[in-house]
Amino acid sequence: MRAYSSDDGSLHLLRLPPGSDLYEGVTEAAGELGIRAASVQVIGALRSLRYGYYDQQAHEYQELTHDGELEIASANGNVSIREEEAFLHMHVVAGKEDGSTIGGHLFGGEVFVAEVAFHVLGGEAPVRERQEFAGLDLWPSE
Amino acid sequence: MRAYSSDDGSLHLLRLPPGSDLYEGVTEAAGELGIRAASVQVIGALRSLRYGYYDQQAHEYQELTHDGELEIASANGNVSIREEEAFLHMHVVAGKEDGSTIGGHLFGGEVFVAEVAFHVLGGEAPVRERQEFAGLDLWPSE
Amino acid sequence: MRAYSSDDGSLHLLRLPPGSDLYEGVTEAAGELGIRAASVQVIGALRSLRYGYYDQQAHEYQELTHDGELEIASANGNVSIREEEAFLHMHVVAGKEDGSTIGGHLFGGEVFVAEVAFHVLGGEAPVRERQEFAGLDLWPSE
């Protein structure tokens, strides 16, 4: 992996290689850079996408898939600590050939091009813990 | 409120509690952190959304509502000064259960989960003033 | 042009004047600020949009147009070096009057309001070079 980094370590730009999984690739890049907490943005293009929707009543993710090329119109998220490891939470908006868009929670997708920006938090990393109201691992809000 | 902050104050991560209003909650968090100027990103999920469209001819916002659960696929915006107070301007893209998306100017919405990143401007804050061409309070461009 | 900048030069906020082209305006602002590498976000509103889709097989962009007002629900991208000059790569999601969204690669569009945040990389700038797998000028990934 090659990353381009601010001298003070606050910002990193890099491209994932084609064929990477978008979710795994960003997670692995964070690991290689030693990032424990960050805000993350990605643009690029995909060969496929797995994304979804969290059912707030059933406390279950519904997974949707798109087979075929898409633009990554935006992917926004963050890195923080979950079970003592750096964990990526990312949402995505993707554009189809006709310009229409789909979006939601990012599970993964095959990368064609993915240009990643990590904005590093230079301080105590938030830690995700189970929050029963949501059935999700979330940062404390208080 | 609990925030996770860079030692130099340049980046803050935090989660809004469930039941917060997305617009008011981000505004109040900026206030508690003493933020006068920042770039802001949010991902998460909503129980409802009020968003809209600015009619550039009539100089009026048109408000749209969505009652029911949505993913916050992205929310991007900024904090700056308007009438001597920190003011949030944020746009949103939200994903439905079927993966389709809606978006525009953010008025508000009931938070299920909202993970917020403030990228603080450590310098003179922009001040919004009425710009007649738009009928909106905007930063000087010159 | 007037920009509001962090004392350490890491973040700049500014508004493009109405009638600017979104792509050219952000590129020119980067030039005036001497930015060679950055992550960029924009929100605002447009009078028209030229956007598109990259055909990953044919190695060609397909350009789509929207004539008429749109919200810039998000515009995310980056600045890096291509042919020795600062080059903008930006993707967009735009919202229509009915709240529906379109999105993809940004070619340009007439600005009504565009509020821009540049997060500057304070280090070696990535350089775009032709990558044959994609038919595009991309940063090295290794």
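Letters A, B and C mark the chains in the order given here, with residues in each chain numbered from 1 onward.
We take it that a residue touches a chain if its C-beta (ideal position, glycine included) is under 8 Å from a C-beta of that chain, and two chains touch if they have at least 3 such contacts.
Being a predicted model, the structure only gives us computed values, none of them experimental.
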(message) Thinking of each chain as a vertex joined to the chains it touches, would you call that graph a line, ring, star, complete, or other?
(response) complete
(request) Between chain A and chain B, two touching copies, which fits better, same or different residues at the interface, with half of the numbers shared as the threshold? (result) different
(request) Compute the distance, rounded to whole Å, between the mean C-alpha positions of chain A and chain B. (result) 20
(request) Enumerate the residues of chain B that touch no fewer than two other chains. (result) 10, 41, 74, 76, 93, 101, 119
(message) Can you tell me which positions in chain B touch chain A when the two form their complex?
(response) 1-2, 4-8, 10-11, 13-18, 41, 43, 45, 47, 69, 71-74, 76, 93-101, 112-113, 115, 117, 119
(request) Write out the stretch or stretches of chain A touching chain B in their complex. (result) 10, 37, 39, 41, 51-56, 62, 64, 66, 74, 76-78, 80, 89-93, 101-105, 119-126, 133-134, 136, 138-142
